[in-house]
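Look at the two complexes coming up: chain A is in both, with chain B in one and chain C in the other.
On to the complex of A and B.
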């Protein structure tokens, strides 16, 4: 440990050492504890938690899309379809406003239903788009997402059309109802942690290596004996399953769904999270969601407005009397500029994915 | 006559799609990137044309002044759109030419979102309305007649497309564009100024989209910051259906998409028990896209299979 260049590097090495001693993912567990403790921090009030829940939903979606885009290299611009599948499946089966198939389904019991149905929808889409690659795949998946949204709007006998489905029940388990914001936040942190761990395992497995091979060159992968059809469908199934779970959380949290929540903008946001974070990188998804979903929301806070008013620049010829409010209401412009700026400065994303490496216990000089 | 009117409507929508699709296909042919901000270039053109028409007198424009005003509006739109495209290319795309594949796409999406919201902010979120300067009336014979505006829109887009083909096939710059799209490195070795050719491509595509914005404004007067988004997506669909990278493909794809949205929907409505409201035209457009790409994955005029995963 004599090569301590920066405190950060020292911390990383200490964590590595601890992980090797205890054979536990110490760094990840510490991060989990840190994230779980957030609602206990003094400055965190309900506004912050509400944003963090939203960020959490997008982290889940990002983890799902990361499999499809980041691992398997299949550019999907219609990820919202899977999000909608999960949200509407639960809404239709559980909302008292549901015009058909109302079954009073419990949220917790809906989890396996939604995961399975999401995977099925993923495989269905996958079968449709098997021969397509690159940008052709992108535009067809985009079309698929739009078709789903228009169907939600028009198949009124099932979805209640533009009015949507309301009074969707909260998760309830033996009389205990998931109600408060911090409980939702904890649920999201734990499920995102589980999903991230599962996804990490998949990536390190034979399946993950097959995905990587397909991403790098599909023809060569097929030539080397990788069953590209099977693994492409698996990527869609896994990604869709996770995306549907995000939808299930969305429906249970907001207790209301209607087609206007399932637009192309969602697909674009999730894709941006994955690419800005660094394709195929799990910490990238976390930070991508924090920046792209969290920052625009925080910009709406009145404190931000006041803060921006304090640093009011004297712009010549411009009316800056309402500077803070002006900047705060420009948050989508900031979102767009942020995408351009991050890509210009770090085209690989903020946290470029490192290839999975098998570390042998004997060799202590880690290459990481 | 109902069916003839539907056909003309299809051609009108198709002309707008085709003009925008050309910009997608030109840029794709040369850079292999989806210029997601191209719909916003169309929107900028529509606003520039609107501003010029207002400056020249708004709804008071009439007589010979109308021709001057329309020309001025179209030229202004082409200039404003081209200028924006040059700036966008310089700021958001150029340094990403050798970056990972998705980086320019995300950058383009960022430009698109930013421009939409800048326009929404500048207009306070309210629509602007084109002055109704165009004489109303129809040309043609009996049942087979076309409104002046639609005739003008279809006619001027055909003129522009012919002009584009002549430009690409017959001029030195056009040859450079074809060379760069064929093989950038070789073209560069042969003495083609690649950067300059790429900028020219953006200018040409943006000018077409800008004029398309004015034409659509004359036809459907309400314009707003988000107006470019759906036509942009549709036009990209048209370019893909036609075979992205192919110039005749983009034109054919545009008309094909326009006609199937209008005539195709009405034809489906003729089937017993089918009644598709207007919003289903998007479903038709995208379903068509899926079918075309599955039957013929390179598009109708496809020149090459996209092999890049």
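On to the complex of A and C.
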């Protein structure tokens, strides 16, 4: 055990020393460079990138929900509502198929619009669920997610109903259009990096402490001077804002939205990412999304089938000639077992949130 | 407030009380927990609140700190009404408390716990002032309407707070490091230096009580409500807490109102004692007077034994 840990500890120490010396988040920057370089790796083709873009969208969603569930402890089962808000806001404002208005809004200009509108929808939900906690909150937010989906289906004059909105324009900046998968992937890595940094800073602030105090004991937090109403609404607003951005990317990437993309399953997937990764943990969101979104897709690859066929097990009375395909088609069963195993073995998630270590100012060592 | 002024104001008895409770009644369905209670706590005092189990002591704390809204009556802090305010507003105006059963933010570190207590004092912004202190929340709709004019300001503050957290301008950094320094100082004051990064739930029991005190002090209270600060402690530990309570008053100028069952603690540290029984005030006075008070003895024992006679000093069961 010690032997396997030693190299990691050495690496961690080296990174820590480098961070101290340069006053830069060296570890995070290295990870960023590593992630940005992925499209250049020889084995990575368009299938991989397509999956990684999808994973990236779910990382963004997970970062948003992590604020609400992981930090503020508000169990939100309707997170898809904000995802839909972002996607449909851009679709309605940009798609030529939009029945209500032809605003031709540029994707990049849509960013502030979507962030603000997402926050507004988040506050709106927050206002309704303010007095609720725990299970009750979960049920009402679940309902909220469904209400938004049903609204999208039925307000045809705005959303085109079940047919959805298509031909949604790609992001375009001065004639340069975001087209290739590489570019989409890079956009997602960079935006997820920025969001993760912003979220990390929020958590380390007075606001982040207020969120965590509310999660730990809302009544006592209020008694200590925390305006719990304000900070709960802010948690909803921040989470919703980030979730809407995920929707904006989704709409721009797929160029098509319809209500069937915004089901309860999305909310549950995002929540699972947060829980499997470790509530309140940013690396947890990244790995949670890789596993939950990436793994089922990768299991269908023909390479996976071939690889599994090589280690063809000799099971008596069973036909194992097509073992790889069998696993691929039963991937959700395998996957489910895996999830249960993770939660049983690591109930705090794969990457439990680490506490920030306070740095005390030196001068106070002498004063009494 | 210096010690000299504390002595002066308490000596002439004419100064406005730090806490004044007038005609306070708290009725739960079918149960009168507090019945027309009057209470004055002088600035700089260490005031005891005793009474048999179920007498309404903790209810009184809950009402004063805004956890319950009183059925009737008035509460003022230095002549400012605080009843009807939200809990965080009461905390902001200078009332803080600890809990009978320790209630820490257990998954947060020791320092973070204290920093949450300091929340309202960090970079206190001028714009976000308390609304009308005499605002009474009569009903939900009305109070929602009262809040409406504050929406643009609240929005601005929200955006500024998020931006400040993300961008970390020098002012935010300065306020933050000042808060950390102040909270570290309070941890030293209660004797928890060096434990800053320990999770609160991993502290031993006695230290958890100390942490609650530090967190309460971090709100910069004028009045501190301590709900059985020595519960579950051995004599040495409770002596240390008593010492700490004295130092809070002497060095930090905090007025203390404390609930306590250990008579040795109450009689030793309190300058004045109020006794509740069945939600009514049955006696008030110096420890010596209380020990001899017939009504008090009756409430505690139902017979003629003086209070504080037993060595373990815990409240006797109701007769």
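One rule holds for everything that comes next: the second predicted complex is superposed on the first by the 350 of 368 C-alpha atoms of A that agree within 3 Å, B and C clash if a C-alpha of one lies under 4 Å from a C-alpha of the other, contacts with A are read in each partner's own complex, and residues count from 1 in each chain.
Everything that follows uses one rule, which is that contacts are C-beta pairs under 8 Å (C-beta built on N, C-alpha and C of every residue); 3 or more make two chains touch, one makes a residue touch a chain.
Just so it is clear, the structure is predicted and the values come from calculations on it, not from any experiment.
Considered on the superposed chain A, chain B and chain C are sterically compatible, since they fit side by side. In the superposed model, A:230 lies in contact with chain C only, and not with chain B. In the superposed model, A:202 makes contact with chain C only, not with chain B.
Panel annotation: after superposition on the shared chain A, the angle at the CA centre of chain A between chain B and chain C (CA centres) reads 80 degrees, nearest 10. Of the two partner chains, chain B is the only one touched by A:133; chain C is not. Applying the stated contact rule after C-alpha superposition, one finds that A:91 touches neither chain B nor chain C.
After superposition on the shared chain, chain A has more residues touched by B, the comparison being chain B against chain C. In the superposition on chain A, contact of A:330 is made with chain B only, not with chain C. In the superposed pair of complexes, A:217 makes contact with chain B and with chain C alike. Once the two complexes are laid over each other on the shared chain, residue contacts for A:238 go to chain C alone; chain B is not touched. Shared-chain residue A:248: touches no atom of chain B or chain C. Taking all C-alpha atoms of chain B against all those of chain C in the superposed arrangement, the shortest distance found is 11 Å. Overlap of the chain B and chain C interfaces on chain A comprises residues 215-217, 219. Per the touch definition, chain A reaches chain B in the complex via residues 69, 73-75, 128, 131-136, 138-140, 142-144, 146-147, 150-151, 153-154, 214-219, 264, 268, 271-272, 275-276, 279, 329-330, 332-333, 335-340, 343-344, 347-348.
Across the complex, chain A meets chain C through its residues 198, 201-202, 204-210, 212-213, 215-217, 219-228, 230, 233-234, 237-238, 355-361, 364, 367-368. Contact residues of chain C toward chain A in the complex are 65-67, 86-88, 91-92, 96-97, 99, 103-109, 111-112, 115-117, 119-123, 154, 158, 161-162, 164-166, 168, 172, 176-177, 179-181, 184-185, 188, 196-197, 199, 215-216, 218-219.
Residues of chain B touching chain A in their complex: 28, 32, 34, 91-92, 95-96, 99-100, 102-107, 109-118, 121, 233, 236-237, 240, 244, 277, 279-280, 282-283, 285-287, 289-290, 293-294, 297, 305-309.
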